[in-house]
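Listed next: structures, encoded as structure tokens.
Across the two complexes that follow, chain A remains constant while its partner is chain B and subsequently chain C.
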Partner chain A sequence: MLALYSYSGVFAVVLVFTFASLAAIVLVVAIKLSRRIHGARMLRLTERIRPAILQTAVSEQDEVDDNLVLFRSLRGRARRSAESMATRMLYDVTGETRTNLTHILIACGTIERAVARTTSSVPVRRARAAEILGLIDSPDAVGHLIRLAQDDSAEVRSVATRALGRTGRPEAITALLAALPSSSGVPAVIVGSALLEVAHHSAAAIGAGFTDKDPAVRRTTAILASHVMSPGATPRLIHALSTDDEPLVRIAAARSLMRLQPRDAVQPLYDAASSEHSGVRVAATTALATFPPAWTLAVLKDLRHHPDVDIRRAASAVGG
Partner chain B sequence: MPAKRILVVDDEADIRDLIALKLGSAGFDVSVAMDGNSGLREALAGNFDGIVLDVMMPGMSGIDVLHALRQAEISTPVLLLTAKAQERDIEAGFAVGADDYVTKPFSPRALLARVNALLMRN
Partner chain C sequence: MDVAHDVLSAIFAALAIPMLIYFVAINTSYLALIALASRHFAKVIRRSSFTGERSMAASPLTPGISVLMSAYNEENVIAGSVRSVIDLRYPDHEVIVVNDGSSDATLQILIDTFGLVPDDREHPVRIHVRGHIRQVWVAPGDINLTVVDKENSGRSDSLNAALRFAERDLVVMVDADSLIDPDALLKVSKPFADDPENTVATGGMVRAVNGCRVNRGRVVEVGMPRQLLAKIQVVEYLRAFLLGRTGWSQLNGLIIISGAFGMFRRDILLEVGGLDADSIGEDFELVMRIHRLMRQSKRPYRVTFVAEPVSWTEVPSTLPVLARQRRRWHRGLWEVLWKYRGMTFNPRYGVVGMVALPFYWLFELLVPLFELSSVILVPLGFAFGLLDYRYSLLLLLVCYAYGFFVSLAALVVEEASFHRYDSWRDLGSCIWAALAENLGYRQLTAFWRLQGWWAGLRGTKQEWGVMTRSGFLEETVTVREGSP
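Take a look at the complex of A and B:
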């Protein structure tokens, strides 16, 4: 009797295991089949839409309208596929192709939806909206991005700041400068890169940052100056190197002077090489070592006998 | 006069086809390659009048392809496509024999003008 119970128990376990295995196999096959069908459908969609996007992207302005009829008629997956491809391409193109791709996104309703999402209660949606608005060629986008650059969420502010830079529009500068202080919560590298994107508009505005009371603003200004203010940056960088209270600002100024290589900076850099702060001393000497040897022969000779080993090493790196 | 032959090498399909379409619409006979290795093979085998070569590609980079071409004494004019922030790529590209460069993001119309100018110079 006990053996009979034992056999039927084993039989039940085997039966359950067999059914479970069969169910798992059926599930795996169904998932694979569904993925294959989805993949094939997306491929067909892409094959239909992709040539139209490429053709519209390189069209002359007077041909664009005719090509947009297709995009206005797209729905569901087809529309999403077109949006996705046009958005992806916008990262790599400028000029009339950017304008044409923007028209595609307008025809798909993407911009209208992005604008609506700028007021969404979900930060990820607001960030995604900022990303799209920064890619398109539209002056209207800047206003929405300026608002998002002051969003409650630091992530949204960062995305909007980067997007403002990408617009390349002068209206973005004030909002970007407002994001420079560390209290904005937007990393300085994002603000700095965004300001560089609008550099041709922002040189004068960036210069004002040299006298800001926030050291983070002065430091980023010193870094940016050699990129966007050359050659007008030199006197302000020398002043920052010689007088700023914050060593990080002085280091940034020394590095920017290294990039610009103005002859006027040799003596101030030599003076900074005797600074009380070791980081400033090393940055100044390293900068001097990259200047033309004819200008720096005497000062580097002197610095090679400096008591600080790092200075001696930096001064010797010139190989002169 | 036969159409000038251009090879476009870029691993990003959308950008590669966009460039090909733009150059094709201007009357060039355009071939494409999807990575550095196949780009090099095509460039060595085909008789191209110009090459548009992306720098950042997995495996063999545009700089490697260009270096190999110049080593093989192929002097076809090459225009490099580089990322905006990659000044070192531009330096390296010219060091191994690039003729011109365009930084991404780029204007396809401006790229076409550069290709025309490049071919005229050569």
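Take a look at the complex of A and C:
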């Protein structure tokens, strides 16, 4: 063993690890220290700026301009602190408060910078820009978001799609519907949720998705139809439940019919309870069990003798 | 004496270089995993302003989750634990608790607390369950809670029983004695929402609750435990779970998801037949079975570790309990690695077969053997005059200094990313624990792990033992350990 390496070589390795460990300790202490110092500074800034933000957020229109003078003068950390606070608040407010907070961000130059970043070469910056533009109350933001919803980066497209929904503007509908197919790379949950946020504008447009070639589009449409009260949703859902080739679409249709509870759906749901696909059978029976008993007494009585135990169980759930 | 001297000389000649290389390789591989994890955390932090969790939390399109929980003699914690899971921030989740034949008041507490009523409907039979189900109870009103009372048949079988009753598309398994962060379901299910076609399983981080302040089933202040044994485990969990598993996840080679917090697609779970009730490392075994299924059926898939959602669990604070845990873990590791040996070095299984499984054989299963060999051989070498004191100590120092450095690197990444331990005292505790880990803890755990392996080889019956718990969930506020 002695012959393996020289003393000095091994000693040097020990020294290297000792210094590396000491450096790691210094680094971890430095990180903690800088976080503490930064945290304390931010706390002081927050205490100074928060009252001004709150006051501006609830100001009447004619008072807003006076309050914005302060925000226009902010620089560096103070400005970033104000931006951060106003942005966080924007998630939870609507109406005039949202408009006032947007004015704060405009005064801080946040919106201008966000618009500039929509063409950044770094996807994360474009995504951050999309997030901010989705929060503010500005029709100009929608155009940028529509462009970002077709970005090369799937991540940016997803953030922009979600942000488009948050704007609540009718101009967003076309871009959102374009993001529905699975080929868009935007998760269906994000597109569907965004369409729900603009439900009062999208209800009519959503119906077209029932006949799309892409099963993902038909499935999301079937889910959305009951939430947005799409005109003519019931016959379309019944048609999807009875005829769609894709079981996931039929399951979504059954669940949507459960929400809408139209009497016309009882027989199609009863038929679907004998489907070859177990998921469809269970979804249809579960839906039937939530309908008014007077409409479903006979069919549920029959389904309680179904060979599939899951169906018997679901059919027995009536009345809780 | 001469024979012993010659034999030892031969052993030293044969093992000296391989053992040194082994210890350097194991630490270097951990360092590589830490580097991968830190790169990923940097990406996650840069994206923290647009995670979309608020939108997910409010959307009716977010996939539903069935939370499965097995409870055996958990009367101290069960009410708070179930309530905290019901109250998790998520738009659509149901909770299914299985009372695994508890001999205490676990079931009665559940019935009384949630006003449960019997559900006399037929039971679904989607999956085989060994233990007889005596009665199913449901909560009236809007609380999505089902309690399955069955005869004792173990944790795995109980979770399979819960899986029978699961109705949502995603299933998450949690322990009754764990505390889940309020947003944990949103975070751990995000990969399923982002990539619903490919994501089949995700795992969340498990951290030690010892030393934390708990209020109404929630960790409200994170702190280091006072006992050294628990402190060392905090550092160990950081290095092996937080950073190690994140690293493996980045390589698409994650093969272990903690049973205390693992999420799965329900259809996949049913397709593989649920948990193996005979396996000691049932969580590891389940993930391996999923890997095998997906690879054999040539379906694209991902198993992802999500570092941010946290399940807080009480780590052993006494040597006997820790010994039992480590014996069980290592026995489970051996049994699963042996069961799936056909996948090791098999290119058909990609990164899992070619990298992850060989790593676990070499650097997880065999490590206690090498560790204890060095503990035995070095003193013998001194006794027989085969080793130079200074030189040998320097070599040992190289190994332990490297291990210490790896633990410190893990602390640096934790501090730069999630920094859950806020105080200077906690940082000092972490550094001290990283150092102290090398001074007896590693050697002791190596011994227990070898015992577990040996028990597995002999096929002796596995005893689970009793984990002594503080019952923190039922307290309004739990003060730190050791406080009056």
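We adopt the following convention: the second predicted complex is superposed on the first by the 274 of 320 C-alpha atoms of A that agree within 3 Å, B and C clash if a C-alpha of one lies under 4 Å from a C-alpha of the other, contacts with A are read in each partner's own complex, and residues count from 1 in each chain.
Note that in this section a residue touches a chain if its C-beta (ideal position, glycine included) is under 8 Å from a C-beta of that chain, and two chains touch if they have at least 3 such contacts.
Here the structure is a predicted model, which means the values were calculated and not measured.
Of the two partner chains placed by superposition, A:73 touches none, neither chain B nor chain C.
Look at A:31: by the touch rule set out above, it reaches chain C but stays clear of chain B. Comparing chain B with chain C, more residues of chain A are touched by C.
In the superposed model, A:97 makes contact with chain B only, not with chain C.
By the touch criterion defined above, A:317 reaches chain C but does not reach chain B. Of the two partner chains placed around the shared chain by superposition, chain B is the only one that A:55 touches, whereas chain C remains out of contact.
With both structures placed on the common chain, the touch criterion links A:21 to chain C but leaves chain B unconnected.
In the superposition on chain A, contact is made by A:130 with chain C only, not with chain B. On chain A, the surface touched by chain B in one complex and the surface touched by chain C in the other have residues 91 in common.
Of all the residues in chain C, the ones that touch chain A in their complex are 12, 16-17, 20, 46-47, 49-50, 52, 54-56, 58-63, 121-126, 140, 193-196, 381, 386-388, 390-392, 394-395, 397-398, 401-402, 404-405, 408-409, 411-412, 415-416, 419, 424, 427, 431. Residues 1-2, 4, 7, 10-11, 13-14, 17-18, 20-21, 24-25, 27-29, 31-32, 35, 91, 124, 127-128, 130-131, 155, 158-159, 162, 165-166, 187-190, 192-193, 196, 220, 223-224, 227, 309-310, 312-313, 316-317, 320 of chain A touch chain C in their complex. Taken together, the chain B residues at the contact with chain A in this complex read 12, 14-15, 17-18, 21-22, 25, 104-110. Across the interface of their complex, chain B is touched by residues 50, 54-55, 57-58, 85, 88-89, 91-98 of chain A.
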